[in-house]
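Both of the next two complexes hold subunit A, though its partner changes from subunit B to subunit C.
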Partner chain A sequence: MTRVRLTDHLVLILGVLLMMGPLVVAFLTSTHDHVEIHREGMQFTLGAEFAETYATVLTREGGFTGEITGLLMTQNSLILGIGFAVGKIVISMLAAYAIVYYRFPLGTFFFWVIFSTLLLPLEVRILPSYEVAQQLGLLNSYTGLIVPLIASATGTFFFRQFFKSVPDELLEAARIDGAGPVRFFFEILVPLSRTMIAAIFIIMFVVGWNQYLWPTIMTTEEQYFTLVRGIKNVMQQMIGADIPFYNEALAMAVLAMLPPAVVILVFQRMFIKGLVEQEK
Partner chain B sequence: MTTLRIRDAVKRYPNGVEAVKGVSVDVGDGELVVFVGPSGCGKSTLLRMVAGLEEVTEGEIELSGRVVNALEPADRNIAMVFQNYALYPHMTVRGNLAYGLRNRGTPKPEIAAKVEEAARMLQIAEFLDRRPSQLSGGQRQRVAMGRAIVRDPAIFLFDEPLSNLDAKLRNQMRLEIKKLQRRLGRAAIYVTHDQVEAMTLADRIVVLNGGRIEQVGTPTEVYSRPASTFVASFIGAPPMNLVDAQLDDDGLQVAGQVVAHDSAHRGPVTLGIRPERAHLVAGGAGLDIEVAVVEELGAHRLIHAHLGGHEVTVAQSADEPVPAGRMVLSFRPEDLHLFDRGTGVRI
Partner chain C sequence: MKKAQFNSRWMPYALLMPQMAIIGIFFLWPAAEAIRSSFYLEDPFFGTGTFVGFENYSNVLTDPNYRRSAVFTAAFTLTVVFVSLGLGLLFAVSADRVLRGQQTYKTLLMWVYAIAPPVAGLIGVMLFDQHIGPLTDAAAAIGWNLQIGVDYWDTAVAITVVSAWKQIPYNFIFFLSALQSIPSSVKEAAAIDCRSETRRFWTVTFPLLAPMTFFLMILNTTYALFETFGTVDLMVQDQPGNSPVTLVYKVYRDGFRGNDLGGSAAQSVILMVLVLVLTIAQFRLIERRVHYS
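Let's turn to the complex of A and B:
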């Protein structure tokens, strides 16, 4: 182990300030009155309106229809984030399992077909995707929010690489122990992949949580609004009113950041383990 | 009775390569048969065909009186011990041992009893709640054997199980495998490329080369009457000396010298003599050779000498005086092995 030097700490502290500073300022500002913010700009002290602002943001029935609250948006975001991550993991694990363990004609070809979809992100295929989802009657539904997004070339690729590194002998031992394809998958492969699953869950949850474009075009009813869309709405609504509710918009931004941060904190040890260690 | 009967087994891969080219072997009840040969000789493939991990292209595998060609490995009543142990890393030792039984739907109390018994037999009872990653190589190997034992199979299949252990542990485990197999009284096939393991473990050795059987016999038979130059050079350490010779009416012509020999065969042959059956003497009947290098191994020593253009190795006890210079290679006529020079087959 090398000695810890002062400069190392300085670099790290600077990094923390750079990354965390804006968040802290956003949080501090959100605890002030919107008039005060409008007058004095961003705040660097803790204000008196913390409880009030956050309670308003979470519970006020907003929008044109009055159907949506901050709490409901958080719930929608969670459904999208978790559904997105879980769906991607399930689909890509199954795809990778088929590609690695079954010898079917053109298996490699299909893998590369899946892989090449990396070149076609949502933005490129958004019109056809919308068309299909619309014809299936998925507009304004959680299914429509999640399902069209869960096919994942990245996930399939990661799981494929991982499955390929699992020794063949393990499969053979399982065959001798009477484990069929389904048992082998659920009782051997899934438990072996759990660090991998955790790592992909984190990444995909954050990606899903931050989805903006797709929810915007898929859902028009306010009851399906997510937090990320809500932030914009708070600001937009206030145009025309006297002073925008900066504090509420910032509070919403802080709230929108919390769940991904919690997920990362909870899973980070498994995440790092999944990246550096192969438990076999 | 015969536990396993392999009849004319052929393994041909889709790309046309034949790994096993028509092999027939019987394994009797309680017999430990060792498949030995260099890498790529088809010994592991043959074992995996018996296990059901490789499909049999041609021929039949008959286990306990029924043909098992079409059966899944789990339905064949076999148990296999793998080279890299192949333990399930996310299960405890207990889970590893119980997994196969659990999949078969064995009642829980019975599983527990069998696991306890196997663990006691293998002295791994104290590790039952640990994960494989917390065990040493030798302990993992025991767990792998335990997993085979709890299945109570008709035949045990060992695929180079000791090759990942260090030399000392290997000798110890080798002995334990043999004891265990005797105690259980079950047939076993043991695949190895290590001829020492083959000699010490086997009731019968099957020497394989290029997908074919070179010789089947007890360790003594294979050692003292090798069927071909391949077996002669593969079994025994250091390997048998093989020297080109010629049989004619005068006897055996070796490197310009003549040794009396009563064989009726005539023509070019390969002469074989084991290093430990040859002696170096100062004078008398035999072949003149020139000592080149002496290797001291403690209890005995190896002498490398020149016989004409050939190098010949002689093993002798360290108690004997160190030979040097020109000596005479002496041997008993019955210790000479003659092989056809073209085919390598024993004459």
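Let's turn to the complex of A and C:
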């Protein structure tokens, strides 16, 4: 029995090295000077330039317009992450409420329309989606960044499943007490769904923060760049340079991964619950 | 179906309005547009189109570049799915068995989930860089001159490695939660009947995980086909000409860079059919699982 445990620990330690190693090396390298990195390769020790590099990346006004800083990009990423999560939760809760708590002729039809969105991931309709956004004048705006992404079948299914599991007696009791649909929703259903909402919020925040393709084609003005979107430009600047600023590029990568990583770390149990439940 | 429901003529429609409006404008309209323009030859500068029937499709399907990209995508998807499933399962089985430090292992093994594909791509580019990359040095030590961005196969290997690595935590989380939901009575009964832990795994645990494995295979296929866009975009380093690209990346490149609107739309429609097949497979599996449990 003990021998088995030892192999398990060995497997897990190798696994941790495999998963965390690249991240640790990326972070350590970002604390070194770029000439040193160029000369000696990626670094496995903590360098002396941590404060300087990160301060530069966060506050220096860069890009072509000289308007964009790491802080501004972080702010845009937060707007996208939170807007995406809140938007998804609100519209899918409303839709699920209608589907579960009302009997109406087109109910099934709407359910299948929502279902059809699973068949149309953004990647397969990218060019026409861009054209639609362009015609509506949504390019380079937060609305254009967030709204097209928030229609969600998974969110609606998730809440539909949960609402179905809420006992009918609650609604009957609420009715006897004279509560209408609006009061029932806000005073009974929403409080009951609190953990569900929190779990799905965490997942959606991470997914929203990590959006890449849509922000890449939607935002051409740098003031709307998110961190993840900005990674592409960092890369392009690196290709052209004699001695690329590896340290700053990696610092940007660390900044882009830090908030979702912290969220997952802090709310780990809820995150796993949300992830596993959502796909069912 | 709920027994207790509300009655209202307009309320359900009002509640569904926001979702439906977004779906109509940003899903159905673009999809219809993609299908329509896949049958037209469009002039990107004047916005005029000529109906050409299935010509765009036949052009796409006979294009050697498209075939090359399809072959790469198939090999890439298979490798990513099996490598990330295998390692995710291996780590989950071990993490399920250890008592000490389980929480720490779990946290460290799932952290990579938080990383966006392009960020993983950037770190991958650095690790495989010809000047500074430790993985290139390691490859050189065994006599492999790894040149990403230059050599087609080397770039393919690097993209595959990074994409599979990024997906391991996802499979790990699902497998671990499936393993932990196996009732301890089943595990104990198996332990009494069979002393060999390895045999017990393959005859008892693994069959119990089979539905989850099939389900994850589909989710992983979707990941490898679509969500790796960011990784590919970063790792081909703006020289996609001689680099391996996935079919999704090709839709983007031909549409935005190449201005081949009809061809790009035809490729989109082909992918839509692929998603349709995957989704049907996924839902059949879910139904079956619900049915038996």
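Before moving on, here are some points about what is shown:
One rule holds in what follows: the second predicted complex is superposed on the first by the 250 of 280 C-alpha atoms of A that agree within 3 Å, B and C clash if a C-alpha of one lies under 4 Å from a C-alpha of the other, contacts with A are read in each partner's own complex, and residues count from 1 in each chain.
One rule holds in what follows: a residue touches a chain if its C-beta (ideal position, glycine included) is under 8 Å from a C-beta of that chain, and two chains touch if they have at least 3 such contacts.
What you see is a predicted model, and the numbers here were worked out from it, not measured in a lab.
Aligning the shared subunit A places subunit B and subunit C next to each other free of steric conflict.
Shared-chain residue A:E172: touches subunit B and subunit C both. In the overlay built on the shared chain, the residue A:I188 is in contact with subunit B alone; subunit C does not reach it.
The superposition places the C-alpha centres of subunit B and subunit C at an angle of 90 degrees about the C-alpha centre of subunit A, rounded in steps of 10.
Considering which of subunit B and subunit C touches more of subunit A, the answer is C. Between subunit B and subunit C in the chain A overlay, the least Cα distance found is 7 Å. Overlap of the subunit B and subunit C interfaces on subunit A: residues 172, 175, 279-280. Across the complex, subunit A meets subunit C through its residues 4-5, 7-9, 11-12, 15-16, 18-20, 22-23, 25-26, 29, 37-38, 40-42, 90-92, 94-95, 97-104, 106-107, 110, 113-114, 116-121, 123-133, 136, 147-148, 150-152, 156, 164, 168, 171-172, 175, 181, 206, 209-213, 216-217, 228, 231-232, 234-236, 239, 246, 249-250, 253, 256-257, 260-261, 263-265, 268, 272, 275-276, 279-280. By the touch rule above, subunit C contacts subunit A in their complex via residues 2-8, 11-13, 15-16, 18-20, 22-23, 25-31, 33-34, 37, 87, 90-91, 94-95, 97-99, 101, 105-119, 122-127, 131-134, 137, 165, 168-169, 173-174, 177, 197, 215, 219, 222, 226, 229-230, 233-234, 237-238, 248, 251-252, 255-256, 261, 264-265, 268, 271-272, 275-276, 279, 286. Per the touch definition, subunit B reaches subunit A in the complex via residues 51-53, 72-75, 78-80, 82-90, 99-100, 103-104, 133, 147.
Across the complex, subunit A meets subunit B through its residues 167, 169-170, 172-179, 183, 187-188, 191-192, 194, 279-280.
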